[in-house]
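The following pair of complexes shares a single chain, chain A, combined with chain B in the former and chain C in the latter.
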Partner chain A sequence: MKPRLLRLFLLLVGLLLWMPVSAGAQEGEPTDDEVNAIAHQLYCPVCENIPLDVCPTQACVQWRGTIRQMLREGRTEEEIKDYFVQQYGERVLATPPARGFNWLAYVIPPAAFLGGAIVLAQTMRRWRRPAREEAASPAPQAEDPFIERLEQELRKRA
Partner chain B sequence: MVANVGYFSLVLAFVVALYGAGAAAYGARRRKPAFVESARHALLLTWPLVSVAALTIIVLLVRGEYEIAYVASVTSNAMPPYLRITALWGGQAGSLVFWSWLMSAFASAVGLRKWSRDRDLLPWVIVATMVTLSFFLSLVIFFENPFARLWLSPEGQQLTALFRPAGASPIFPSDGQGLNPLLRHPGMIIHPPMLYLGFVSFVIPFAFAIGALVTGRTDDRWIRITRRWTLVAWLFLSLGLILGGRWAYDVLGWGGYWGWDPVEIAAFMPWLSGTAFLHSVMIQEKRRMLKQWNMVLIILTYALVIFGTFLTRSGVLSSVHAFAQSAIGPMFFGFIGLTFVISVSLLIHRWDALKGENQLQSMLSRESLFLLNNLLFMGILVVCFWGVIFPLLSELFTGQKVTLGPQFYEPATGPLFAALLLLMGVAPLSAWGGRSWRVLGRAIWLPTLLSLAVPVVLLLQGVALWPALLGYWLVGFVALVTLYEFWRGAMARHRRGENLPLALWRLAGRNRRRYGGYVIHLGVVVMAIGIIGIEFFQTETQGTLAQGEQLTLGRYVMTYDTLAQWDEPDGRNITRAVISVYQDGRRVGELHPRRDYYYASQQPMTIPGVRATLEGDLYMLLVGWEPIATEGATFKVYQNPVVNFVWFGGLVFILGTLVAAWPEREAEYALATAPARRRDAAAEGAAE
Partner chain C sequence: MTQAPPLSPDPASRRPRWGVIVVWVCVLGLLAILGFALIRSQQGPINVGGRIPDFSLTTFDGQTYNTADLRGQVILINFWASWCVPCEEEAAELEQAHQQFQDRGVVFLGVNYVDTEPEALAYLDRFGISYANGPDLGTAISQAFRMRGVPETYVVDGQGILVSRKIGPYASLQEIEAALEAALVASP
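Let's look at the complex of A and B:
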């Protein structure tokens, strides 16, 4: 084989080898699932309380398009979310970042629950004391036969 | 003309309700029974009056009198008569009339009961119900009038007013806008009435509680009278929530039934406090404890009922400012504030008298566990309440709107729900008064050990998500303990010679509240199976397919066959895809996801194609399509494992509530035969 032909042959082989590689890069096109994974964590400012991944409005279709475009450009999830926050404010996030006033969103419920638990524990402790004192005295007698019979029946049923 | 009759009867009902409240309070204060009796008659009169108004609206809706603004906004020529009737609660003004109508009906039912023993409570029950009724009627009369007409001003502006504005001429549109398409679903037709029934019936126990507070009757009479009301309220509220979930699943097209949307939570909050109340009144009945706390709970539930209506009706959720613009928002806000302050002041006034016989013999007693149950329900309530109002506070104080989605609620409430499940398993093993660690331990170790089989089997099948395993273990534990309770009781009767099914039937029949409660617990367990399933194991995928192409999810392969588009006579354009579903290579059926577009309201609706099996649902949505169908359409598919257990569990749940709420003949008999002063004790004996 002449060197020129050989060179041409090698070039063709190289091209053939290179083409699948470029096709692979084409497959790097973000899938719907990748877009939705990010959209699921976002809310559009128009449709209230509907996550972006399931919102059927035209505006939300365009937003998902933006996410796809940014993924295509190689941006990370964090970068995309930051972009939307910058554009439309923190309300696009499913939960606001825990700083400033928003901090209260995360602190109040556990604090209230803890407070409730403490109050309950103290109340239960207080309510136990008279019971102990009473335990020393004899059990109160039923005051009439009707109640006594009822008590008996109840005991039988229990 | 007809509209004027309706409006007039509304105004009359309002005046009568106000008179009733005033006369009852005056009669009680000045000890003039004639006034109280007159007030009772006024109360009984409100129902026919509001009925006339409600019927008038229905007539206008069915006849399609579009010159009435409300009729034009919720009906159209294309709507069938049954939908026109349900349009009564399809819009703001109509649903407020519907609310008032239910309120007057329930108030009348209470007004007709035998009051001989509870004369002193009557006037205050009238005051509480009639004040609530007149508040709702005032909203309809002054702000959201369902009888207002459409007019054309001389400047060519369209006006809405009851009477002809100067120089204006009436408009007679030939068609209306029609009901919001999202509301044209069987679930949505029944869901609002159920929810409202639940809301309104909770007003009755509240009214009796107020009666007890004002008169200083600190015994548990008010609880005994309203026990069934509370259960009925709770039944309807639960039913409303379940139907709402089903509606969301079928119509909203996001693959789930509960999205922690503020509107959902608005209905869920009174349910939470009501559930806590249902449990804690049992402690008061059995142990004469918690008199103060039960008052707190019923006042809270009433406030949450009004708050829930406020949230959904005032527009406050979309923005604090929308709330200020709507006329009824500030009214609601004022009413909630006023009733809450008055109720709480009454409670504080009687605080010492309500001290009761609070004592705990043991931390392991059933009453202690019920207290823990209340703590958990309140914990969930706090998360919900805070989650709903925090975005409003944020907007108010910082001007910044924020969103709190499921990612906020789920981690916060999940552990609390799990703890509730655990309590549900332990409580039936405990006893009133208490047991020692040893006795409880002896009862508990076997079901604990046996139920561990559930997570072990799941683990062997490759489920390795510890929260799900924990959840399913709890489900197994509760189911085992509860079923054992039935078994134990039925066997005891069986040994005395009854056959087993009869023994079970009689067991539940004789102790309706107890065994009804256990059936409800079983319902919760079955629902939990579905909830844990969809929460942890839902999978989804989305893809754009050309005809003949496939989408794969788990064991399913879906092939896109065809797409068709046509107009329906009821004003819809339907785009429907046909999808073949293959499971493990075998064709198992077809799915028809579609998108309905309503021309009049310019609103699209995404209706999923669902293949439902006990194993789980395949739930497919048509997300979008190219104008030329052959070019491709986008589909989203969810696999929702064991989701149908949610609905089965819901059925069991409702069944259990019916068992618990069913009137007891034996209790009535005991009441009639026992000496009067022992009636309460006898009722208790028969009930348990």
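Let's look at the complex of A and C:
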């Protein structure tokens, strides 16, 4: 057999041997990435503010094992998350469901951003107005608010 | 000489600034919520002499215990987890105490805190624990007790009043016996 044909033959044999193993791994055992994709959406309820996929405690190792087992049983991501909420409460979720007081977490940041933008816009408009008025009328501006008000009244009656 | 009419009030100053009022109401409301949450988190565990919150515990084998139905009996409530190393220090002593006091009407309830069932059952098997044990579903019981960690043990008299509280593991069987005797004396 020519060396080129021999190499092709060995390559085909290698591929045939590798394929069933690969297919078996896909069907049976969930990969670490699949487990961590779900674990990342959950938080360790014992050690605060640590996602489950990077938490090193024994409890977290057990919970990742539970996720793996449930994936092996064919449970969906939502089913697994629901199970964890039922067992350990809503605080295990990285993003809490938008109901009850949880709404505040969704409403406050954009509302604060919007409010801040409005205040900033108003302040900037106020800063620009005196500058424009000063440019339009060379008359000196009264610094005393009472005098300013008096001048306004006089202007109205003129 | 004609008298000048009085100065007319500035219309802008008369108009209520609804935007400002709404913002202040929102800020004060938010502060009230934060204050309420802060007070709750600073409350600490239930005090001795206070009434415990009633709860229902479904055990790993499906039996349901309701503390309201156990009035007249002394209850020992132990919070534990299989991943909790200090819990192991008192596990055998708790079972021994259960064996000693079950004939005197003392009910032991093990509340399994944020754990996985296979590991919890393996733990119970390892220490030969025979009293009622079940998971704290949704951490509802531990939240009601404002529990800080495991192990924590509460001994309650026949009226549902907390007689003693142990934060951390019991040091010896004698310590558990003393807590239960005190609760039995307090119960009529």
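Convention: the second predicted complex is superposed on the first by the 109 of 158 C-alpha atoms of A that agree within 3 Å, B and C clash if a C-alpha of one lies under 4 Å from a C-alpha of the other, contacts with A are read in each partner's own complex, and residues count from 1 in each chain.
Here is the rule we go by: a contact is a pair of C-beta atoms (placed from the backbone, for glycine too) under 8 Å apart; a residue touches a chain by one contact, two chains touch by 3 or more.
Treat the numbers as computed from the prediction; the structure is a model and nothing was measured.
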{"item": "Which of chain B and chain C A:73 touches, first, second, both or neither", "value": "neither"}
{"item": "Partner chain in contact with A:29 - chain B first, chain C second, else both or neither", "value": "neither"}
{"item": "First (chain B), second (chain C), both or neither touched by A:62", "value": "second"}
{"item": "First (chain B), second (chain C), both or neither touched by A:54", "value": "first"}
{"item": "Touched partner set for A:104, first chain B, second chain C, both or neither", "value": "both"}
{"item": "Partner chain in contact with A:93 - chain B first, chain C second, else both or neither", "value": "first"}
{"item": "A:82 touches, of chain B and chain C: first, second, both or neither?", "value": "neither"}
{"item": "Doubly contacted chain A residues - partners chain C and chain B", "value": "45, 89-91, 101, 104, 108, 150, 153"}
{"item": "Of chain A, residues touching chain C in the complex", "value": "45-46, 57-59, 62-63, 65-66, 85-91, 101, 104, 108, 111, 115, 149-150, 153"}
{"item": "List of chain B residues in touch with chain A within their complex", "value": "253-255, 259, 261-262, 289, 317-318, 358-361, 363, 368, 371-372, 375, 378-379, 382-383, 386-387, 390-391, 393-394, 397-398, 400-408, 412, 416, 431, 511, 540-544, 595, 604, 606, 623-624, 634, 636, 674-675, 678, 681-682, 685, 688"}
{"item": "Chain A-facing residues of chain C, complex", "value": "7-8, 10, 23, 26, 30, 33, 81-83, 114-116, 119, 135, 137-140, 143"}
{"item": "Contacting residues of chain A [partner chain B, same complex]", "value": "31-33, 36, 41, 43, 45, 48-51, 54, 56, 61, 89-96, 100-102, 104-105, 108-110, 112-113, 116-117, 120, 123-124, 127-128, 130-131, 134-135, 146-147, 150, 153-154, 157-158"}
